[in-house]
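Okay, handing you the structure first.
Note that the chains take the letters A, B and C in the order they are written out, and that residue 1 is the start of every chain.
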Amino acid sequence: MTTPVLAVEGLDVEFPSYGEAPVRALHGLDLSIGEQEIVGLVGESGSGKTTLARAIMQLVPPPGRISQGSVSFEGRDLSKLDEEQLRTLRGRAMSMVIANPRSELNPLLTVGQQIGNILKYHTGCKGRELRERVIEMLKEVRIPDPERRYDAFPHELSGGMAQRVVMAIALICNPRLVISDDATSGLDVTVQAQVLELLKRLAERHRTAMLFITRDIGITAHFCDRVAIIYGGEIMEIATRARFFANPMHPYSVLLLAAFSHNPKLRSYWLKEGEAAAEARPAETGCPFAPRCVRVREHCRSVHPELRELEAGHHVRCHFPVERRA
Amino acid sequence: MTLLDVKNLVQHFPTGRGKAVQAVNGVDFTVDAGETLALVGESGSGKTTIGRCVLGLIQPTGGSILFHGEPMGGRRTLRSPELRGRMQLVFQEPAESLDPRIVVGRTIGEPMAALGASRADREKAVRLAAQRVGLPERLLGSYPAELSMGLQQRVGIARAVVSRPELIVLDEPTSALDPSARAEIIDLLIRLQKELGTAYLFISHDLSTVRYLSHRVAVLYLGSIVEQGPSAELFAAPRHPYSVGLLASVLLPNPELRRESTIRLEGEIPSPIDLPPGCPLEGRCPLAIARCREMPPVETVSPGHTVRCWRHADVAQMEQAVDYFERFQIEAERILTPAPSKQEEQWAN
Amino acid sequence: MRLLSYLGQRLLFVAPQLVGILFVSFLLVKLIPGDPAVLMLGPFATPDGLARLRTELGLDRTVVEQFLIYLGNVVQGDLGTSWQTTMPVTSDLAQRFPATLELVTLGLLVALAIGLPLGVAGARYKRGLLRTGADYYGLLAGALPDFWLGLVLIYVFYTMLGWAPAPLGRIDFAVIPPEPVTGALLIDSLIAGNWEAFRSAAGHLVLPVLTLGLINAGPILKMTQATTERMLDSDFSRYAELCGLPRKVVVAQALRNALPSVITIVSVLYGFLLGGAVLVEIVFSWGGAGQYAVQGVLNADLNPVLGFVLYSAVLSLFIYLIVDLLYFLIDPRTR
């Protein structure tokens, strides 16, 4: 078996909280991404998905810290690298596409400078060659009139255009892994579709693996090879796309799908009745999803479920996985 | 009965130097009592502006808005004495629309206070509204910051229904919420409409929600309604290239279900300043022909279904008539229907 | 294009702004109790003499009339005479204003040289000795009065160590000052090639400049640190870090984004110090414009005060214009 591009094993990230036990943002998280594979990671706000992205880049926002587990990139344990080695990996071998591109771009620098900086500080490329390569990249992300856009400032770009600039920044060094963190959430639907298709095509062309983090499970159905569901800082279910959507087995996965249903009766099987059950916090002991689960039993509240492989390549963290009539 | 009648609504905002943002350019629609009309469009389509005009919050540049046959605007707004409590608004960002220094119970009661209700009546109405939206009574004394986003939006909805309005303008009420919280809010809105018979003008870019919640849909592009019709029909057989592009962009959580279309929209919505006179989609439309530089007329393709496109007949030929949302519902039934778990049975024994 | 039309608009408003400032100062100075005629003629003045002098000075007319007469003279370049120095105000200020300008400009340059690097370092290293030092420095500089620091410096470097020249003016009495061109001794002595005068003038500048620099580095440090820190916490800095840009590049970019705030505080300090450095000027017997204006106020000598106000206002407006130009260069969003 070849080494995966990314292997996250048993990762715990903690945020100390004053006078109390630290808050666990991620707990025993396992995830691996193979070469040129696109893995979709679906979670709602507060599920730990952004923390995971930052932990992979070894830049957990302080005061958070990785308290256990490891992140390996192409077989190298990132915790064993020093800051300078990590820096040369970031943006070059593994890069990020983020949401709100307009605030993530420096308002005082031109598009060309911002993309060019990445190339300059990672490869030492400069002068005319730098400019040519940046313009080439702008063409690749389908920015019309790239020669002119090279000198544009972020505030002169539309949201979709700014998102493409961020994609150019992420891809200019031909990374092995791109992490996309809710990258298309602020875009209009038609623009989102364009950007997603472009991103997928570029990932193929650059032979890049991708971790596609999103809160929209619909996107993963069309753009990812595998789908993982995260809740309370743990992977609840992970499977190939076809298997996942044909037979989702975790009640939380089904709940996410049920949110798209127009049939209140079908949804009532999965949405807990009563006052805004969706607001319940993940449980500390037992199954984190227990407070929101319609199928919860006493066992779930006390025993933490393991991630089990129930079909080939289909792992589920649930004591009582969902079954269906054939 | 027609509750709201909007005719040839125009809203231009001058930007100086003789130019204007042409936010709304001649829009016609009606909303009947107790029905939901969805205004669908992307940012810059003018949907929010229309909502504000309807409530009389901004004075339209042209056209008329009739509420119960009487024109809106000028001194007649949702705050004027005769209309107070009869129209309400629910905002996109619940946190921003609630006063952080006032307990939510008082916020909900504000419309009643404006109507001059007695203290006892007000409290009764607030309790009833809270009960209707599933807001536990013990939370009425909390401040907005103490509530989750889903609960905050329930407060916003309770404030809107407390005065039993005839029309509620819902301005993207679910787009800030997580999917499961969104589903709860939509269920709530549907239930409230059944109970109270309120009409909704539902402003949204989320087509899945629109398909679910609305009886009729108007598709907006650059301030014009390009297509309008009953939801089921428009989603199954869109006749305007923009509606097709919009529907083809929807990503339902089923890998098999995405509208396959030869019509692909390129680029983005242009700025609504200095619009050319023809069809607003002309620059982005793969079907555009020379004639599209003239504004196409509104044509009726079936009862209640109108479209504004020279080539709508070609679109009808090119596109399969499939409602993917409907197909998703059918497919989803298998996924969402659980069989009794063997393991569970074991545990039960 | 937008820059030109903007500048045009700005210049259009300069004249009315100046008239407004002058009028307000005129009224304020008139409110100061004390009759110039009495002060000028002394205790043995006759009522007749006083009345004649009042008429001569125009003091018997209404305030508005007096102001219009003054304004008419200003337009012709006549700022009146100071009865204390018996010299035209223009020639007094030609001597004294450059003295203050030289002092304040150098003082602020020193303040920038101290405050900017310390502020950036404080923002970059959120913990550690450097940050603690920067915090204490900011506090201290904010708490100490400048004239007191001036006196301490004089005591240590002149009285005790004898390294600095006597705090009596801008140049040694024994040294022949250079022919005035700009009025700034350093520049004029360079133009004249007079090294002896240059050394002496520079020597006299060290302590007052250091006084102003050390004190005013405080606000500059605070502003630099706070703004740079905010920029380092902002989304684009975080993203630059996620992209693996070297830390020093990220910090440099953050500083660049923080520069408009730093420029603002420097310009505010500049305008303030034109008059605000007066205590330091007195301590070092500097003979600057601030000192001149204060003397005028104390002795109901109207013309020097108004002349000083006019000069300061013109200079402040000019500085703000430069600040706007700098914003324009730094931030593309203002273009």
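Quick note on the criterion: contacts are C-beta pairs under 8 Å (C-beta built on N, C-alpha and C of every residue); 3 or more make two chains touch, one makes a residue touch a chain.
These are the chains along with the protein names UniProt gives them: A, B = ABC transporter ATP-binding protein; C = ABC transporter permease.
Quick caveat: nothing in here was measured; it's all calculated off a predicted structure.
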Shortest chain-hopping distance from chain B out to chain C: 2
Most extensive contact between chains (C-beta pair count): A-B
Middle chain, criterion being Cα centroid separation: A
Centre distance in Å when chain B and chain C are each reduced to the mean of their C-alpha atoms: 59
Whole-Å gap separating chain A and chain C, where each centre is the average of the chain's CA atoms: 55
Distance from the mean Cα position of chain B to that of chain A, given in whole angstrom: 30
Interface residues, chain A side, partner chain B - complex: 44-45, 144, 158-161, 188-194, 196, 215-222, 241-242, 245, 247-248, 254-264, 266-267, 269-271, 275-276, 278-279, 295, 297, 299, 319-325
Chain C-facing residues of chain A, complex: 54, 57, 59, 86-92, 95-96, 98, 100, 103-110, 117-118, 121-122, 153, 155, 169-170
Residue ranges of chain C touching chain A (in the complex, touch as defined): 234-236, 238-247, 249, 253, 256-257, 330-333
In the complex with chain A, residue positions of chain B that touch it: 42-43, 134-136, 148, 150-151, 154, 178-184, 187, 205, 207-208, 211-212, 245-246, 248-255, 258, 265-269, 325, 328-329, 332-344, 347
